[in-house]
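Quick heads-up: structures coming right below.
Across the two complexes that follow, chain A remains constant while its partner is chain B and subsequently chain C.
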Partner chain A sequence: MATDGSVSPTVSGKYYRHKDIVWLTAWIAGMLLLWIWDALFLNKPALVRLQTALVNSAFTGIMVVVLSLLLGWVAGVVLHLLGRSQWKKTFALATLSVNALRSIPQIIVVLIGYAVLTALLHEEIIRSMFVQLLWIAGVIALAVVLEVVDTVNERIEYFRTLDFVDAMLCCGISESRIINVEILWKNSRSHLLHKMIAIFGISIFLQSSIDFIISVGLSTDVSLSNLPLTLGSLLATLDSKQDILAISNILSNPGYLPRLFITHLQGLSVAFCIVFTLLCMFNIANGFQRRLRLT
Partner chain B sequence: MSERTYNIRISTEVRQLVAIHGFRLAESSVNVLFGESGIGKSLIALTISGLLDPNELRVTVNGMPYKMYLASREVSEIRQRGFFVFQEPSSHLNPIMTLQQQLNEGHIAGADGEELILRRLWKDNSSEQIERILEVRPKPYRPSGGEKQRVLAAMAFKKLATLGKESRGALFVFDEPTGNLDDRLRNEFLDLLMETFRRQRMSVLLITHDYSMVSRLTKEHKDIGKDILYRELVLDHSQLRLREFAPGEYLSWLATTKKPSPVADTRTEPILRLDSGVQVFGRSFTFEHERNGGNAIPMTIHKGRITYLKAPSGTGKTTILKLMMGLIGPERMSMRILDSRFSEQTPQRMWQNNVWGKAMSMTFQHADEALNQNSDVKGVFGGLPSQLAKKDEAITRALSRFFQDEIPEDFLHQPVKYLSGGQKQRLNLLRSLILDTHILLLDEPLNGLDLTSSVKVFSGIEERLREGKGVLIVSHNEEIFDSMVAPEDVFYLKIS
Partner chain C sequence: MSGSQRDLQLKLKSHAAGILLMGAIFIVVVIAIEQRRDEAEDADPRIQAYIDARDIDFANPVDRMLFRETLDLFYPGQTKKNDTLLRSIDDFRQRGFRGPASRTANLPRGLTWTVTGKLMGMYVQFLVVYGVVLCILYFASQRIAIYRFVKMKQGRESYLAESVASLRKFFENVSTQTLKKELPTLASSFGRAILKGAILLICFSPAYVIAYSLKTTLDTSSLVFMIILGVVSNGVLMHTSNRFFTLLLTESRKGYVQTAIVKGLFSSYAWDTSNGIPKRSMWRTRGLLSSHVFQHILSNARFQFIPTLKEHASFLITGLVIIEMALNIQGHLCYELLQQILFRQSDVAGAIVFGIFLVVKGTEIGVDVWYDRERRKYGY
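Up next, the complex of A and B:
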């Protein structure tokens, strides 16, 4: 016990208190180590493919976060205001649309989005890879936006029950300022940031899952080869699949283990990127929630 | 008279909560402790009584780590012979036991004179009514705050009855024991406490913001005047300090407050008129001029005058204020503000466009709930429909009227959550007072304020009155407001 009357936290106590920072550091360090290893041992074309896939996936993930935040913020506030207005029919219609979207599994929404993208590519309406990535991000954002809408709505509804909203209204402060600045910005930033971290993880997961499905082929004209390269599509290539399957070799031949990290680097690196990112995102979100005592 | 002196330091990992050098507690005396809300009175009392969690906070008492202090003879003595009446009774009563069961737990079970104690604390109720009140469990929220507070006080008196003469010197802490009681019940509690003190000479720490206790104690308990010590916790250049408080400070200030001469004649049209017969939540309310048996009349607010609305705790005073602001939808209401009529059918946008921050503004009772805790001081004024709230210099000027020397350079950027309760209450009031509205509704404006701050707030209110604004006040500080408000402007709220 310290002389100031405090009790020194244990190592596990320290870990849990800074779990998000520990995992963020681990993620950055892990990815950096992987890049250094790959730079040393992975062949150049495969390294370029891996870097491109990582950049594309990360860009898509970030865009999903940005788009879902904007869309969710607007939709959440509009839904709340409609609920309190006299336009009951409009509110019912909006709620019905939101619930209809909620009833469709996220993966189906994304799959439909990819099908439309395929058609647009086929018609050559979309050509640029940047626009394709934006389209993919938009579709995933649509699939996950309800997570943000619900958070925004819950936060507004919760604060509506507290006196400070009424106290501000009575002083002539506008409702839009109270909702956007006082409730969402000043009181819900951490909650929304926590949601954004989770959404980044979800978007990596959904991208990888969909790319695997597409690896089977959506049409004769469109395949993984004319969609932007992402971690999922790189994992779905034959080379990567063979690298992953090589892991089973070590069961019968343990001496093969060191070769895995030299010979089968592409598949293992992609798999590591996906799994390690998902694991880290989960723990960062979890630790962030614990540290800021978000409920 | 022997005194114990404490040097106490309490902090979290992030910041210091309390640091006081030389906190004195006189033994076998009544120590009345004043001070702004949130300044650290309760924390100090909890520390001395050994009730803080040493794993949650970093605490030292007289340089000793708290765990060591907890193991001391002093704390074990306090635990055995002392008692702590908590400020917030709800969280200190067992929700699944009836109040009566809790009054008969442990060694207070066989105490003599329970009936007498209960009859004193529930002065207005018959024995059958008291029995019915005590039959309920604290959840779901059936007893009122005042009832729960009296149950805890009754427990303390039962413990005193059990100890008898053995209670001499034992520490009994009463933390805001009358916060939810009206003046008569508060006086009854004080009288019972002083009578017990005369007999048993225990050590009492009475924590309160209610300066009108001074009047009662000095007038009715003169004989033990030398055993009653008044002290005040103050922040002096960010340092917590205990200072002697002379009863005369309050009494002479009270003598200077006088009923303002009406700016407008009572026969002139009021700027607000709310008719009796307001119906909300299935109850019907009327306004009367006298405490008992008056006729139902409309409640009015006149230019340049204070209207004072009175009623026992829990009657619905705050509900009436919220209804007047259009925050609660009544089943029936007829109100006129200047030339506009308001009823149960008035649409929300009418309140928004014509009342909020324009014709009328309101200060809520609990500053902790009325202010955005995650805002900074400057942010409290953000978005107000007043030019004063637009510039830092103007805000600082306005703040200086209520805070004077206390404003450090970075005060505008300090988070509200780290301010003391009294500072929050002053901010809460200032937000309404800087608005140019015709009417101000103030719900318990003196909540959590010390005398110096209360005087500043009064000067702010008087300034608004001089500008011809009308003020409606709801407050349990009857002694203060009765001295300020003309009898024709005092209304009693009744449930009919």
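Up next, the complex of A and C:
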């Protein structure tokens, strides 16, 4: 039995040591299996819709990761430098604004962003699908950026407590190089990568949820058909909703279970994509954190 | 004044400033929207006279044509200006049919006392649900983390690994006797692995997926269902319990644990043995682990867990907002928020957002005060 917190050398122990890799493999394998199953049993138009939705959602998720990393890095460094500068009032105001934004639930920020997007679509200011996806990614990035800002600040503050920074300053290296290159790039990549994995999961969750919510009716002028197809919006279609509703049939009639995977495939596939991705991202981030002991 | 009290005061001041800042933004937005709405609802003075004219029916094409020709007669050579005037009249009339006022029909418009009273009722209901879910989450996440931690310390295999081992044993010695011996173990561990997988999938399902899959068999609009969904769905429970588990793990690696074991504190994690962990401690830890090193690990992890409740609270509210909006439950605060955004009643929507902001801020203040009290108790 392990007493130092490390796991014992059992099969599970070996699994825990490479949990992130195991779950990454499981995610890829799960999605591949789903695609093969859908290619065999799902009708062609629905399969095309599912593929488009998956690609759009993944693209948005990746864009959220990139945008939040850029925005969070810059904001974190600027906040840190402001805190050490003479501009105390500016720093106080910036911290106040950041804390106020932190207290607004992420979904509300995204909802407001979508409300603006529907207004822009209605006014025909935004037309291109690519720009719409970028807008969505930007809004979600704004909602989750504080997670990156916190990580950046934590890392800088941690290195500030060591002799590391002072020694480098004595060597004549500029403060901005120490922060951006030595601390964040060379010594915090794994922390940031861990945050990015978590953010990818959050972005899929927020995007799917908001697209589903819009199906309740954010605008009568701009319906889901005007917005890019994503996993959330595909789940919100009548077909998918009926497929999900059919799940409760197995509670009263367990024999219905096999039919579920053949006749209600669109809704089930979309729901599986969302839920399985969330589960895998959580475990990948978790395993990565534990493997590299990023506490 | 001690350092911790000064810290708390600073935090409280920061919270108060944040509330004031958001309050000021909210008031400015409401005033700006009210002004815009008044301007939008009042016709341009240049067209008001024509709109009020009794003899012209702008819905009638003949009247419209006559009006256009009359304009050309009175203002010759100003074709563009006359066209613009007619377009402005059309726009104003269209706003009457398509604007937010037409959609809200007989509903009271703007942030009136009636609307505020109605919102307050919904707000109280939201607060109750939120409070109950937060308490359950705080309790349940710790229990799950403790169970995971003890199980890990016991060095037990996962259910899937157990079933693989049992299958391997059977194939190493294929006989009816081995089958009889291994089949119950295999069935039990494989069944548990499937159940665990299903529970994990449910815990990571967004609320609307669970709710829609049960909609035909359960009343998904009841408060009890909302509370259960708030705890179980959206991955909230798993994230929170994982955070506590990580804190337990980090604490268990610290030097004082080894010192305590050397000093003679119990360190076995076997269930219900004299020097182990009583199973009852899964539900109530007070007084049950006094001579065990785990008591110290648990106390320190619990102390560090308090400030993390702030971020969990914000994520929990996100989950509750999604539940109320996606399930289309009328009479709930967040469904109302969605409706108000739909009807472009930005002042009412802003008031709801500000209300939700206050819930998060209230939680943050409560957590800061609690953390400060605990800090003083432990002498940090």
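FYI, the second predicted complex is superposed on the first by the 287 of 295 C-alpha atoms of A that agree within 3 Å, B and C clash if a C-alpha of one lies under 4 Å from a C-alpha of the other, contacts with A are read in each partner's own complex, and residues count from 1 in each chain.
FYI, a contact is a pair of C-beta atoms (placed from the backbone, for glycine too) under 8 Å apart; a residue touches a chain by one contact, two chains touch by 3 or more.
It should be emphasised that the depicted structure is a prediction, and the values quoted were computed from it without experimental measurement.
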| item | value |
| --- | --- |
| First (chain B), second (chain C), both or neither touched by A:Ala167 | first |
| Which of chain B and chain C A:Asn43 touches, first, second, both or neither | neither |
| Partner chain in contact with A:Lys186 - chain B first, chain C second, else both or neither | first |
| Which superposed partner A:Asn226 touches (first chain B, second chain C, both, neither) | neither |
| Which of chain B and chain C A:Thr25 touches, first, second, both or neither | neither |
| Touched chain A residues, chain B compared with chain C | C |
| Touched partner set for A:Thr263, first chain B, second chain C, both or neither | neither |
| Residues of chain A that lie at the interface with chain B and also at the interface with chain C | 1-5, 7 |
| In the complex, chain B residues that touch chain A | 9, 11, 54-55, 57-60, 65-67, 322, 325, 327, 352, 356-358, 360-364, 366, 369-372, 374-375, 379, 382-385, 428, 431-432, 435 |
| Chain A residues touching chain B - in the complex, by the definition given at the top | 1-7, 162-164, 166-175, 177-178, 181-182, 186-187 |
| Residues of chain C that touch chain A when the two form their complex | 14, 17-18, 21-22, 103, 152-158, 161, 164-165, 200-201, 204-206, 208-209, 212-218, 234-235, 238-239, 242, 246, 249-250, 252-253, 257-258, 261, 267-269, 314-315, 317-318, 321-322, 325-326, 328, 335, 337-338, 341-342, 353, 356-357, 360-361, 364 |
| Partner chain C, residues of chain A touching it in the complex | 1-5, 7-8, 10-13, 15, 95-97, 99-100, 102-108, 111-112, 115, 205-206, 208-209, 212-213, 216-220, 235, 241, 244-245, 247-249, 251-252, 271, 274-276, 278-279, 282, 286, 289-290, 295 |
